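Common to both upcoming complexes is chain A, partnered first by chain B, then by chain C.
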Partner chain A sequence: MLTTEIAVIGGGPAGMNSSLAAAEQGAEVTLLDRNWELGGQLVKQTHKFFGSENQYAGERGIDIAKILAEKVQTNNRISVRNNSDVLGIYHDGVLTFKQGDKYKKLSSRQTIVATGAAEKFLPFINNDLPGVYGAGAVQTLMNQQGVLPGKRVLIIGGGNIGLIVAYQLLQAGVSVEAIIEALPQVGGYQVHKEKIERMGVPILTSHTIKKAYGEESVEGAIIGKINPSWEIIEGTERDLEVDVICLAVGLSPLVDLLYPLGVELTYVPNLGGFVPKRNEYLETTISGYFVAGDCSGVEEASSAMMEGKIAGLSAANGISYSKKFKEKVKESKEELKKLRAGEVAREVRAGLKEVSISK
Partner chain B sequence: MSMRISEHPILEEKRGEEITFTFEGSELTGYEGETVAAALIANGIKVFRHSPKDNRPRGLFCAIGNCSSCLMNVNGKPNVRTCMTQLKQGMEVRRQKGKGKIIGGN
Partner chain C sequence: MNTEKINEKIENEVSKFLPSKNQRQEGSYAVCECHQEIPCNPCVTSCPTGAITQETINSTPDIDFDQCVGCRECVTACPGLACFVIDETYSETQALLHIPYEFLPLPEEGDIVQGLDRKGNEVTEVEVKRVDDRETLNGSNVVTLITPKEKVHQIRNIKLLGGKRG
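Our next item is the complex of A and B:
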């Protein structure tokens, strides 16, 4: 069996920052990631980030991924295991994972779970047809693999992800036929919305999708305007000829490893679904198990990075690597507070109140 | 219109070596380092498998190894996540029917 002081699951912004923070305190870290390269979902974010210099504001996500991965890979206290799917976490500090075709075990004193989130799905007729993609998949194909998902796209969801993906599709030369949003107004930033509208993409609020159609893959979609009871108003149905339907209807935290462990979860719609309860040091209801990033509540990569720091510092502190612990945690908490200020993070703030415990 | 992006305002073209692989026995071209799923979509192939119960077509959905929609038979092995598998020269890729047969099993 392999051993380490701190196991970190997930090599995205939260996991990489957790690993770095813990290693800088002196702990020995093993970072497990299921992909062949580190970065998580940063590797497809071509837009520039907000925040402060601590979250690499002004840089594009793809570049932040490179900076952090380089720091992790050159840190001799961190050992990285790529192509490693963690299969289960057990109470005695042992986790099992599959690296390539090999089944392995790792024993650790502390564990940080930073598994991220998964795309939400939407019920409509023929939603299983090839050509229905999650917004993240469209970004992966275009921005990471350099391949277009299709020629004519319908985007469902007018939040920031839907608006940003629309812009990225236009940048890549794909036609965006429409963005539809069930609410009477779009949820994304006004600046993104106006940019898309200026580029000639119709944003249809109070609209939903009724069905997709096509023989073996998407050939079109029927959409319609909805009334306040969310029923399609007769006579408003329209047929859009598209080969891609892109779902940008939100994300759910990936808590699959935490649930069987017995960590207490609670359902908080403002944070994307079931999320782990945790204290201010991001320790869950089971001692020695920490969370950071989207798996503890869907937010932005910037806050994931700050949470990663806090979880890394706290996990290291738990095994007596406590150099300037309080001071460093305080600094990251203040950064987080700034990121969560303002109107856009109101729901996140409300959600966090429901999951915070004192311990 | 090619499905491969050749010009982009932000991203640089950084494809690996051009390689060949087969899909359902026919030879196709792809690039070293890209995923099997991306290579198929670049070649206009959207149906990756058929579902076990109702034989419905399935393709790529999440592209990050979460959802199992893109499972295919690669080099004789079923249930391979093609969105997480990098393309190699000479790979044999086939559509998967149903749950797939495990090597050596029935």
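Our next item is the complex of A and C:
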């Protein structure tokens, strides 16, 4: 059996920052990631990030992934295991994972879960036709593999992800026929919206998709305007000729590893679904198990990075790597508080109140 | 609505974010079309003269137009591509407009391109004066356009003509 002081599950912005923070404190870290390269969702984000310098604001997501991965890979206290799917965490501090075609066990003193989030799906007629994609899949194909998903796209969801994917599709030369959003206003940042609008893409609010159609794959979609009861208003239905329907209807935290462990979870719609209760150091209701990033509540990558730092510092502190712990954790907490202080984070703040526990 | 009225409306809407009439006659200045409070500050940290400030990281930027020299650092730094630089003193009838542009192919100097407004509607054809695509700009290239003076507050994007995509 393999052993480590701190196991970090997930190599996205939260997991990489957790690993770096813990290793800088002196702890020995094993970072397990399911993909062949570190970065999580950052590796598909070709746009520049918001935030401040502490979260690499102004850098593109793909470049932030490289900067962090380089730091992680050159840190001799961190051992990285790519292609490693963690399958379960057991009460005795052992976790099992599948690396390539080998099953392995890892025993750790502390564990940080930074597994991210999964895309939500949407029920509509023929949503199983080829050509219906999640936004993440569109990004993987287009930005990671260099393959265009199609020629004419309908995007469902006007949050930041829908708006950003629309922009990336336009950059790749794909026609975005429309972005539809069920709410009366788009949820994404105004500046992202304006970037799309000045490219001439219609953003239709209070609209939903009724069905997709096509023989073997998507050939079009019927959309319509909805009333406050979310029913399509008669006479507003429109036929859009598209070969791709891209769903960007939100994310839900990936807490599957935490359930069987017995970590107390609670349903908070503002944070994307079931999320773990945790204290200010991001430790869950089970001692020695920490969370960071989207798996603890869906937010921006900038917040995930700061949460990663807090979880990494705290996990290290729990096994006596406590160099300037109070000072460092305070700094990260203040930074995170600033990021969440604005109007756009109002729902996140309300959600966090429901999951915070004292210890 | 006729063009004059549209221009008047835009002038009224954007004028509260513009420098004073006198300052506008003095040369280049930046406009940050960032009116929603989001946690972001690269415009502030990139500004070499300290002209752009904000109260907190969530506040929208304030520009001190006496300090702003229209250097275009914010145009390439803004992750939201919301900063533009305007020079209304270019000629009697024309102004310069510097816009961020992250599409390929890039236009070339001297090209005539279609100027688009904030909703992607065609405004008028304009000439490309300069294309700044230095590697240090990290993909946020700056295209400088010669626009009719009265359209400089209306145009915010371009479409390449001659079959090329904008």
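As a convention for this text, the second predicted complex is superposed on the first by the 359 of 359 C-alpha atoms of A that agree within 3 Å, B and C clash if a C-alpha of one lies under 4 Å from a C-alpha of the other, contacts with A are read in each partner's own complex, and residues count from 1 in each chain.
The criterion applied here is as follows: a contact is a pair of C-beta atoms (placed from the backbone, for glycine too) under 8 Å apart; a residue touches a chain by one contact, two chains touch by 3 or more.
Fair warning: this is a prediction, and the values are worked out from it, not measured in the lab.
Superposition note: with chain A as the common reference, chain B and chain C can be accommodated side by side. Of the two partner chains placed by the overlay, only chain B lies in contact with A:Val147; chain C stays clear of it.
Shared-chain residue A:Arg34: touches chain B; no touch with chain C. By the touch criterion defined above, A:Tyr189 reaches chain C but does not reach chain B. In the superposition on chain A, A:Gly200 makes contact with chain C only, not with chain B. Of the two partner chains placed by superposition, only chain B is touched by A:Gly134; chain C is not. For the superposed model, the angle subtended at the Cα centre of chain A by chain B and chain C works out to 100 degrees in steps of 10.
By the document's definition of touching, of the two partners only chain C reaches A:Val344; chain B does not. Of the two partner chains, chain C is the only one touched by A:Ser52; chain B is not. Once the two complexes are laid over each other on the shared chain, residue contacts for A:Ser302 go to chain C alone; chain B is not touched. Touch criterion met: A:Gln171 reaches chain B and chain C at once.
Of all Cα pairs linking chain B with chain C in the superposition, the shortest spans 5 Å. Shared contact residues on chain A (touching chain B in one structure, chain C in the other): 60, 171, 173. Partner chain C is touched in their complex by these residues of chain A: 47-53, 57-60, 63, 170-171, 173, 189-192, 194-195, 197-201, 300, 302, 338-345. Residue ranges on chain B touching chain A, taken from their complex, read 1, 3-5, 7-11, 13-15, 34-35, 38, 41-42, 46-48, 51, 56-67, 83-84, 86.
Considering their complex, residues 34-36, 41, 46, 60, 62, 85, 118-119, 128-134, 136-137, 140-143, 145-149, 151, 171-173, 216-217, 254 of chain A touch chain B. Of all residues in chain C, only 33-42, 45-46, 56-58, 77-82, 102-104, 116-121, 138-140, 156-157, 165 touch chain A in the complex they form.
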